[in-house]
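Consider the two complexes below, in which chain A is the common component and chain B and chain C are the respective partners.
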Partner chain A sequence: MAKYILQRLVYMFITLFVIATATFFLMQLLPGSPFNELGGKMTEAQEQILLEEYGLNDPVPVQYAKYMLGMVQGDLGVSFQYDNRSVTDIILDRIGPSAHLGAQALIIGSILGIILGMIAAIRHNTWVDYSSNVLAVIGISIPSFVFAGLLQYYFAVQWRIFPPSFWEGPIYTVLPTISLLIFPMAICARFMRTEMLEVLGSDYIELARAKGVSNSSIMFKHALRNALIPVITVLGPITVSLMTGTLVIEQIFAVPGIGEQFVRSISVNDYPVIMGTTMLFSVLFILVILIVDLLYGMIDPRIRITGGKD
Partner chain B sequence: MDNGTKKYNAEKFERVHLPDDANEELSRPQLSFWKDAWIRLCKNTGAITGLIVIVFIILMAFIGPFMNDYTNEGANYDAAYLPPKVKGLEAIGFDGMQTYEVQGATEEEAIERGLAGYEIEEEYVQDTEVVITKEESEDGYVTVAMEVDIYAARGLEDQYFWFGTDSMGRDLWTRIWSGTQISLYIGFLAAMIDMVIGVIYGGISGYYGGRTDNIMQRIIEILSGIPNLVVVILMIILLKPGLIAITIALTITGWIGMARIVRGQVLKLKGQEFILAARTLGANDKRILMKHLIPNVTGMIIINTMFTIPSAIFFEAFLSFIGLGLQPPIASLGTLIDTAFDDYRVFPYMLLYPAVIISLLMIGFNILADGLRDALDPKMRK
Partner chain C sequence: MDPILDVRHLHVFFDTYGGTVQAVRGVDFTLEKGETLAIVGESGSGKSVTVKALMGLVTKPAGHIPEGEILFEGKDLTKLSDKEMQKIRGKDISMIFQDPMTSLNPTMKIGKQIMESLILHQKLSKSEARNRAVELLELVGIPDPASRMNQYPHQFSGGMRQRVVIAIALACNPKVLLADEPTTALDVTIQAQILELMKEIQRKMETSIIFITHDLGVVANVADRVAVMYAGKIVEIGTVDDIFYHPKHPYTWGLLGSMPTVDSDDEKLMAIPGTPPDLINPPKGDAFAARNEYALQIDLEEEPPMFKVSDTHYAATWLLHGDAPDVEPSEAVKKRMKGIAKGNLSAGKENR
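== the complex of A and B ==
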């Protein structure tokens, strides 16, 4: 186990290194300088001073070394857009609303999904099952921004139940959270239903029934527990969907989160912020995948983790 | 002894003579795997509905733009922001009436301001209704909903824009269907490329095993740690945003899932007897791979591809939505939804139609993919 974890950690660092390097060199190849926006208003000399100031005149390898060295120390550089604010600072400043939304959507979404999937499996091949299936397909299919648009139009513009945008209190989180939680809910419901059906068809459930165990006890003590384990694996796709989701949902509802910042940084070539956020997303993603794999192996002893895949 | 046995005793029966080989005959016509899968698919109402929806949208994507005389390009600001109007469907809402919400200190002032603000003559106002009275509102203004025959107000009574027009007066019907073409193109192209790379990569890795497999799998391990979103966004920033950039970006990491599945299947299959038999008969690697292994994995490949298509369509729409996708004047469903967001509070139809079409397309592909999975792989049916 220790060897496995160590091996995974090594891969994790290689991946992060590859991402950081790729990000850095891609940014170098980008057309335009961060000071394009001010084009014309700045003299050549002023631009040179700015480029010098931010170290953009250094040879590329020097910039690269500086960047990597800083990253190891948790320093992601300085934003071009906001006067000398460090990227780490900006990210810390903005991660609150995103984390809040993400956690809310993840928790509510997966609980709802698990309940939905369980009910569908218990009432297999009835209208309950069919409608929960339809709901799951719709949830997986409809893009989050379409859903967010509809929610905003009806609940905020037409019926004025919830505020349409901004971030000033719990009530402001309702619509963005609902838009974000649809996908986790749908994917959990689907997975849960499949697993539950499989467990319900297994021999040990048959045995429990034969022994005369009550139906609710079978469902909750035997079936639910075993069916829940593989559901952990959907955390990977859910993380991806939450990251994608924050980019658009925060735009639509004007949430001052990391996704909104990211999109804005792209449009103004604020390289350090783009690179920093990219690294953050990557670390998050890799950590989730690692946690899923480790948890899965720990909870379900049937899955033997060995060094290699073959 | 009961009555039954007495009634039917052995003497009453006569042996029917059967030719000797009749026992060997199959009672049902022999079905190939694909015919069998097709029959299973046809029994699945959901999957067939999905297929019909997809076929309908594909047909419309190619026929739609030619169904009226409007073109995708060129601005006509007289015709900007016209709501949907269809000849014969006026009664069910396609009447070209636009409702504006205007505010003022009194009802009259609100209407007056509305007329001035939207440059509309009073005679074209069909109906006005107070939505929020002065007492109800927080800021002391009256909000009035004003229904205007906007086609008449602009002097375009004889025009029919079925899905309305956008901010530049372009016909949304034409734009939406040509946008659908682009979404479909992205979906199919991404699926094709990732299918080719994924299948070959996975096939080679699984079949040759050993060091080749080891190296190829380590590469996948590193690549799969990189979130798709990050790669795509970096690629799009590097290349000029557009169709090619999206296609390339989608194929950089899209094939990993496919490669893993194919490798797993090939690993499982290559130890089986029929491969040994083929090798004993002198088949070379290429023949074994192409004629024996890949055909046996085809089901899995088709299923996985069918799930790739909707995710590629979603990704294009998502990228266009955050401004990294196609650039105007080219329309895709994503860019149409993105531009619609600017004014959808007043002109909701601009958001509604592209949103409905992309949702139908995604739902269609997803349920068809589910159905195909059930039909092609009965073991996975759950």
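== the complex of A and C ==
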């Protein structure tokens, strides 16, 4: 097990290296320079001094080598837009609300989805099933920012139940969380329904019935765990979509999260912050995949990972 | 003595998009204590559905029992609620499934799967159930049972899994054991072991067994009586000797003829021509008439009743009517029958 995780971590570093390199060179293609915004107020000479100071006049390969060397040592550079605050500092400052929002949406969304899918499977081909089906299709096909707008309009503006924006306490998390969790909930519900129906039709469920096991025990002791296996698979991609989803949702609800920071940094060519945030997302994504693989082993004994021979 | 199981006029229908499938269309039989009844017939003849109906495993709402009674110790099982049936399933009547590769829960430890019904029906504590489960695994011949308890199905071979399935079925000392082609998915060598095991257990526990199979060799080996099913009905029923030495129904002749024996020297296997009838619209008259080379005019018009051949032997064919011509199975079929009888019956008798 330890050996397996170690191996995965080595692959993770290779992947991160490739992502860092690709992002670095792609970023050079962004139009404009970091100091464009100040363009009118700065003379040519002043801009040259700034570019020189941040090393942006060096040939690109040299910049790349410098950046990578710094990154290996844990130095992600300094931001151009916040008076030389270090990128690490900015990320640490901003990650809290994003992580909170993402985790809340993922956990609540997937649990609700699993429950909904189970109910749909138990009552399949009834109105319960059909309506959960319609809900799932709506949830999958309509993007989260549409829900965000609707929720803001009704719950905040019209009925004044929840605050429309900002991040000042648990109640402020409600609307952004709901808009984010609809997608994972819908996907989980779809998968769960299909899997549950398949599992309920299997021989081992019939054998459990033949043992005289009650219907509820069959559901929870026999079927649930087996039906969860494929659902775990989609949790990885769902987490990624949540990460990108937060970019927009944080903007809409004015949540001071990393996504909002990321979008702003791209628009002002703040290279070190873009790089740092990309690396953070990559690390998170790779970790999520690793966790999903480990979860697999916990749920399905057939794919339990052992260190070498079994 | 009263039979332990008395099935009367059992019908099982399934509603599908194409119409109602009449899978079982009036089946009558009895099962005595300690006896083995084999049900044979080709795929789709209603053998498995009959057995599932006995277990109350015909899934509603698509499947239903419009007519008939299943009397078990005087109670009609078709009238029981799902809750009441749960108390009988796995305790008094249990079942061995066909495919050991798919009939165990892949994410549950073997021990837990066996203990489940013990805890449920016999109200044993966890540790008592555990001890009993180890005993059961030992009984079905699994080496090192205590450590095998903590393993998962994928760590067992097919034959070993079938032993586990049998152990689960035997857990509560059932009065009736329903075996739905328990050896079909296994290697021939393992098949013999499993059959031996079942016979041994039957001797020890006095269980009554209904054994579904389409392997006549197995029938000769294990059964006391045989019921031949075709298109949802029993067409012939009798003792093993009745069916193998004096079969009366042309379908039984066909079945016996289509089974190769070691000393059948002719190259061709004898197949029964045609396919079983559509059970959404069962044919008028005898369902087998279209495939029957001995069919009479009346077979196309009226269903034959069960004719009594002897006290133990009944067959549903108009050929047994007083006015019918005397018909004998062809020489080739007779030869096959002799071969089967010689090869298997003698072996089976020694074992019994």
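Assume the second predicted complex is superposed on the first by the 285 of 310 C-alpha atoms of A that agree within 3 Å, B and C clash if a C-alpha of one lies under 4 Å from a C-alpha of the other, contacts with A are read in each partner's own complex, and residues count from 1 in each chain.
The rule is short, and it goes like this: contacts are C-beta pairs under 8 Å (C-beta built on N, C-alpha and C of every residue); 3 or more make two chains touch, one makes a residue touch a chain.
Quick caveat: nothing in here was measured; it's all calculated off a predicted structure.
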item: Contacts of A:E206 with chain B and chain C, given as first, second, both or neither; value: second
item: Contacts of A:L197 with chain B and chain C, given as first, second, both or neither; value: first
item: First (chain B), second (chain C), both or neither touched by A:P143; value: first
item: First, second, both or neither for A:N226, with chain B first and chain C second; value: second
item: Contacts of A:M1 with chain B and chain C, given as first, second, both or neither; value: neither
item: First (chain B), second (chain C), both or neither touched by A:L69; value: neither
item: If touched residues of chain A are counted for chain B and for chain C, the larger one; value: B
item: First, second, both or neither for A:L287, with chain B first and chain C second; value: neither
item: Partner chain in contact with A:I19 - chain B first, chain C second, else both or neither; value: first
item: Touching residues (chain side chain A, partner chain C) in the complex; value: 202-204, 206-215, 221-222, 225-226, 229, 299-302
item: Residue ranges of chain B in contact with chain A within the complex; value: 209, 213, 217-218, 221-222, 225-230, 233-235, 237-238, 267, 310, 314, 317-318, 321-324, 337, 340-341, 344-345, 348, 351, 355, 358-359, 362-363, 365-367, 370, 382
item: Chain A residues within the chain B interface of the complex; value: 11-12, 14-16, 18-19, 22-23, 26, 29-30, 137-138, 140-143, 145-146, 149-150, 153, 157, 194, 197-198, 240, 243-244, 247-248, 251-252, 263, 266-267, 274, 278, 281-282, 285-286, 289, 309-310
item: Residue ranges of chain C in contact with chain A within the complex; value: 55, 57, 82-83, 86-91, 94-95, 97, 99, 102-108, 116-117, 120-121, 152, 154, 165, 168-169
